[in-house]
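Below you'll find the structures, each written out as structure tokens.
Shared between the two complexes below is subunit A, which pairs with subunit B and subunit C, respectively.
Right, the complex of A and B next:
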């Protein structure tokens, strides 16, 4: 545990100092950290899932507090919690199903009985959840054995004895942990391959001789455009430079290096150019539950311009950017103000900031993000395909458990 | 050092160069943090609490420095504690700095060091520094990245082992009116070689009354080019080679890092140690030296120049601070009345209570404060657990922990209230006053050492005593100070010393009073007028040959240039014994390039000769005459080559007249003598003198002064002519 704590502290430190940038890197590192937390966590005989959940929650709380504006951290923590719950549930159902089919072995019976308190709690919670939350297609399919298992569990009873119980339980605990780690690995895999998944869809959206506009720099956008280019589509790209960090310059450089016809424009020229544009494709910092987008500063203006000229406004976002919170949630920090030195030179303006001689009237505000309301977004392209903004809550229901929306505190009622 | 070598050997026969670089990389970057300012600028607060633990926007200063060192990649920090060392060590221990995994903080304690020099000598004796290190004091706020500066330092060090230090500087304009930087420090002048970035000159205090800067001649002679800056701010972040420590040991009289060490190295050309500068542009770095810089840096932090070292990111403990609209930072659990107005750029700490109709703007308020109703706080720094009762007015003051302001008390601008002071009901604390529970230390004689000493041992012991016997001592002060701080007040108002009174507004937290600015503005204008009069010599102390500006205004600058060039050429010829022919050749080329007549050359050359004669030391008029004779005899040939025509000779005489009138009045009594000498030496023919007189016949009386002077000579010439006939 101590070395995990050191890892956690290290990561918290990095988050605090804003050393990690970009949601993908953050998401990946968070997932890797949580994986090691889970693998180091000693699992008790009873209530294993709850122990894991509490451990992940405790770490997650620290991570979220370290950089509340980086929503990807919270997303991954919630995804991991969801994974634990799902694995626990499916393990329980599997066991239940096994029990239902073959009641021959005494050992199995024992195991089943001893797990009874845990299992029933989990099952009841799961049942409660599944009744609470409107079923999606996926869950409807998955829930079939699930709901069947619940009454079965509660009805199961009998005497409890047996020597092999502890052994079995150990293996079961290991099984849960093992499954969770497997699932987290899959999550990490998903995060690292989300570019390709999104880029695969590029040809469906970009057509021959179209003009695409983008703002700032996003790796997803770069891969997306290049994928279309690789499939022999020829199109033009306008890159708005993305003041004050001018990351658009870097994107333009990369695009040009890959042979795309690229034009750099100032952010303020977006409205003038938009009438020539067929589609706006941009990346996002986070996608909120209502379909609103937190994105690099300047994007709201681009979205408004696109709406004015009826140009489709497409957001590319990996599923790790999908945040189950609403933007009006007080916990959501929508913005971060960075150093004014990105805007102007301290030396040149230092005399305007000399408060001593009464000239301290110059203030500089340098926000990082914009909020783009859902009505301005035409389409989200995630690694699972294209979605309408109004469909976001549906995706979120698939990825997150309603119990995990608030990661704070250590509720005694696990699952 | 052993481990990397071994691994290098294990890898097989490696090239030695790569092994070297390998080793360079593996030496952990060390830093020395001086947790003591070695001055008394922050008294009376520093009598009770070390400066590095004073809260800066609610976080003790040393946290900013340590956080920066950690993020800049320093692995090993030695914190040198002197005054209140126990408090510093306790704090570091409590806040977890001493137990960081990849960042080792070691404290070095000393009780008899009175200066930065002593501190470094002590550290040298400990023998803990093995490679390049960062030297910084615990009151520095920065977010710069060290990578580039370090790489530059190492690169230079490799080429030249005498490059021992790299200083970090940042551009920041100084206030032209009152000659001080934003940080309240004196104007700083630096001469830097623009190519190598070597620091050549460093002067903090200049004679403000005259606006004159004295540069050593050799500075200009030895360096092909240098730039002089006065808009640079010294960040007090130095990257040093280990030699620096031994230099301090060798020169046991070095005390101050800048005044002694840097200047010492710059002046000393025997050892040839060099200091370089690294300028940062987009990053921030500043040191808190006085109350003024405390104010300025706090504002810079609130305005996020120091990002990511801003209150909402640097949350120590579990009190998260949130940034709200208009630069308002609020911690959690604040209870604020609906009618209270909190202005922009304020920071309010955890658990503070604010009453009805209270107005707060541009201020920092610590945790657990109780602020009553109808209080007005503007530009103040209020630390933790302060109680402010109803109706108080605070204006640009610093209020330390656990101070109580009884209802209706008023703090005028620039007031410092030290720990646990109580200000009585409706008492007005006069501007710029320092109030403390401790009595002002007795003024000791102005020994040099004292200037650097933070609280000396006498005071420290007294503080300890007061801490221990708090209960018994406080009532005592209470009785004695009723009159000093009003009804129920506790504390002493310190007497200002003579010298500081005039300067107090410069270093205080309060903005500079308008009358001081207008006063300074006026003196500056006076200065400007003086310089325009020309009664003050230009800084170089040289005579500028701009004597003919009344004649041809439009060609003024061209003339000036030509004359100066000729003069320089002549001086070079004299100093380097260049042959006359070569001089003539050079002057001719100048003549062509400036499109001048032969007459101009003659005039300019003559002017240069006369100037040289005057500049050669002489005691009396006779001496001057001797000089003139010598120079004329020696360079006769050169001059004569331009005097083929009578017009040119006349030009010379006119020029001579001009010299006598304007630039070198010493010649006036010698006018006739020199003219005669030139006639005798065949430099000037008699026709020339006569036509000069002819030309002047119609001029004003004023112009005829010299003609009249030379009348004897002219008469004599005329007689001789007639006799010839």
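Right, the complex of A and C next:
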């Protein structure tokens, strides 16, 4: 599979050079790359899942090392691993079921579900999550029968486009790969549609005449605000420009073009303006397992100001931004210092520094991210709904399996 | 006069940190200066003073001025003696003044630099004189602290230095400008000087005493009673002076003005002073009511705006795309009126050219920073007063006040005046109002000019030096100091600490659109400091390694709110969150009795266009042509209000105080006193 290796190298280079902007694009490309890795991977007859896992893990390791602060890469790698594990598990249970453990398939769930193509256990689980079904006692009880019943139905019903000949041992390898690829496709789909799912909730959170503040630019925020605007809400938006990248200008322009009352303010005016703001809505770079947020630089300041004035601080984050890691010393480890040229022109101060005595040194600090501790966050809005910071660990546990937290072969830190 | 009489007055404290209370006669013998701690209760009958129980700041409370005080040399409230002497001695270079003006000046700032050089020259001589005196007075550092109130009564000063040098032999009658005759034990040279100086000095003194008496005003009833008593006494003294020449008997502890008795001008002064004193002291309630600042112009009040516009000489066009929240503040399109005004330069009658120039510099942003703006304005006024002629059939007091008022409104049209400038203007106007009616035009002008000079040197330049002295004690080796924007006081502190050989690092935090931090950064680097530079968004990234935050302020309001460059609140908030002490450096003349809770009710709006184009980043041009987008507004706030709980300490020329003590300073020391 030389072509895969080439693809991987290419992507690694892009990551290293920070050519890919935004965690959403990164996540999507990572998932696509992993999909091709899986499809190219030869699977032995025994222990196919392990083979796939090893392949994905090897690639994932490279990708994570290429840009350790782009946590979305690690998230997607872990989720792919999780998908493989789940698929393997479901196939195994299906095989057991096929071996004669006849399962009563007269659940009402079964009837209700047979009208749409049933893909796999992971897909079902994802569907269950995306329908925002609360974890009721009933679902907990039905969890076991469900996973057993699904393959059974598909095999017996034969209405699932013939993709699950799970009982057939010979085709089981292809079946696993196929299922995994389907699930990864689902994941990619999820990533690219997370905007809409988040934006759908906009009207529930924005009221008439609200004043909203945001900083920098985030496509999620743009879609969120526009969705509320489309629902005939009228409100005002303050956009802090977000030095040193000034993405806020872009956001402001887009918002104004869509007919929202938009005011651009400097970052320094955030504290002055926040007292007149009803809600802060911002995007995130990554959400950590403790509910802390790695966010564009400046947001810690905004969050503090919001806390001071009791303004709700809402983070919008697609599920690909949920990271199963805990932040330790987040200001330093999970950050990245960008080029000084964004602050000062090259050589601007060279005239006053080249004193031979060595006196007078100048360091330019231009970090990319801020860490917002969970206590400053009022609410997370993900594609599965709104959550408290304290709930994030549980949400994250849905997406990842504990075995994958450390992606590297050696038991050192994952990223 | 016998020393015994003066003895209780010269309560002088060997430790500079404690302030003397009471006032000092120039000839106080040095040995007396060691005479124990200040004892407010023993101050002379006239003067006594509110107990200086303010433990937070070493504060000296000057007593009300008496007629006799013209003769006495006064201790300035703000200054610790050694510092004073030193700073004065060092001040000759005039560099201190230049500190207020940023290094890179556009051609248009030429004027200001010429000001500064001129000013420096003037200052130089001023300082030199003092310097001499300070040196002489070294043997008793106390005398050094007891500085003449006005820097211009040379005679008195000479006298002191002579007296100090003579080891107290000069304990005789202090020199007074009021009379050349009565000077007893002075050299001829001094007499010469005196004569030369007389014109200005007398007016100054006359005014001084009136303000001095006013200082007591905001006090409690006791003070008021005392004031009343004083004024009566003064009236009596005046009458006496008129009647007979010498009331030199001076039985009471407050030396009578009469000591200096004699020629006609003096009589006038005394009489006028007395009447003024009455005016100043007796109706404090009424006065206070009158002094309540007029409500600021609210720009959403259409009729008033129209009225103001008709009067305005700067043709401002209202900016489009106003931010709804800030309708009450003026916002104009920038860039259009500057060339227009420039072309009008030579045929603008009502505004003095210097004032005009300063106005244009405000408009173009060449002069910014509270101190620099204030100094430029005062110097322009000084020029204007110099060239001022009282029109026939008008009185100086009224006409000049109106004149200054029109200048101020012109400057206000160029750029809304800051609180510190407002304070300076009020100072100047009160000075004009208190000019004795009988004083001649030239004398009045000279005295006003010297008042302005003194305000600049004492309230701004020397205050800064005191602040530096105080703040520098808060810098330790190994500190990482963070500062925001470019504050002249903070810069002086950093440079001074560096000169002292302290090892520290400076983090300069900057923000768009002005990027004033780069100016500071350049100046610090040139002096060889180790610096880090970052933008305000990264402040929480950098804060965990910072040990102190030093901030400048445009004003400190009496609820402790620090009104300063926008972004200061953010920095203070983050520092507070990281448990880093926030030290605000602000001269007392910037204090104001107003209160403010947010940054919206009162603020200043800058040019919104600056927001749209990012300097040095051509790639960022998304907002070009923003004015044509219907729903898009750009907001360029200039100031914000930092809540007092983010501020650990305010360093001012009265000492280092917590923000809760600001109203105390504003109140206890009275506006008159704070401003001179």
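For this structure, a couple of remarks:
Simple rule for what comes next: the second predicted complex is superposed on the first by the 326 of 415 C-alpha atoms of A that agree within 3 Å, B and C clash if a C-alpha of one lies under 4 Å from a C-alpha of the other, contacts with A are read in each partner's own complex, and residues count from 1 in each chain.
Quick note on the criterion: a contact is a pair of C-beta atoms (placed from the backbone, for glycine too) under 8 Å apart; a residue touches a chain by one contact, two chains touch by 3 or more.
Only a predicted model underlies this, so the values are computations on that prediction, with no experimental measurement involved.
In the superposed model, A:256 lies in contact with subunit C only, and not with subunit B.
When the two structures are aligned on the shared chain, A:364 is found in touch with subunit B and with subunit C. Contacts of A:265 after superposition: subunit C is touched, whereas subunit B is not reached. Applying the stated contact rule after C-alpha superposition, one finds that A:339 touches subunit B and leaves subunit C untouched. When subunit A is checked against subunit B and against subunit C, the one touching more of its residues turns out to be C.
Once chain A of one complex is fitted onto chain A of the other, the partner contacts of A:298 are limited to subunit C, with no touch recorded for subunit B. With both structures placed on the common chain, the touch criterion links A:10 to subunit B but leaves subunit C unconnected. Using the contact criterion defined above for the overlaid structures, shared-chain residue A:244 touches subunit C, although it does not reach subunit B.
Residues common to the contacts of subunit A with subunit B and with subunit C across the two structures: 342, 345, 348, 353, 355, 357, 360, 363-364, 366. If you check the complex, the residues on subunit A that touch subunit B are 6, 9-10, 16-19, 65, 333, 337-342, 345-348, 350-351, 353-358, 360, 363-364, 366. Touching subunit A in their complex are the following residues of subunit B: 67, 71, 101-102, 143, 170-173, 175, 177-178, 182, 184, 231, 281-284, 292, 295-296, 299-300, 303-308, 313-315, 320, 322-323, 327, 344-345, 511-512, 514, 517. Looking at the complex, you find that subunit A touches subunit C at residues 236, 238, 241-244, 246, 249-250, 252-253, 255-257, 259-273, 275-276, 297-298, 300-301, 304-305, 308, 331, 335, 342-345, 348-349, 352-353, 355, 357, 359-367, 370.
Of all residues in subunit C, only 323-325, 507, 510-513, 518, 521-522, 524-542, 544, 566-567, 569-570, 573-574, 577, 598-600, 603, 611-612, 614, 616-617, 620, 622-623, 626, 629-637, 640-641 touch subunit A in the complex they form.
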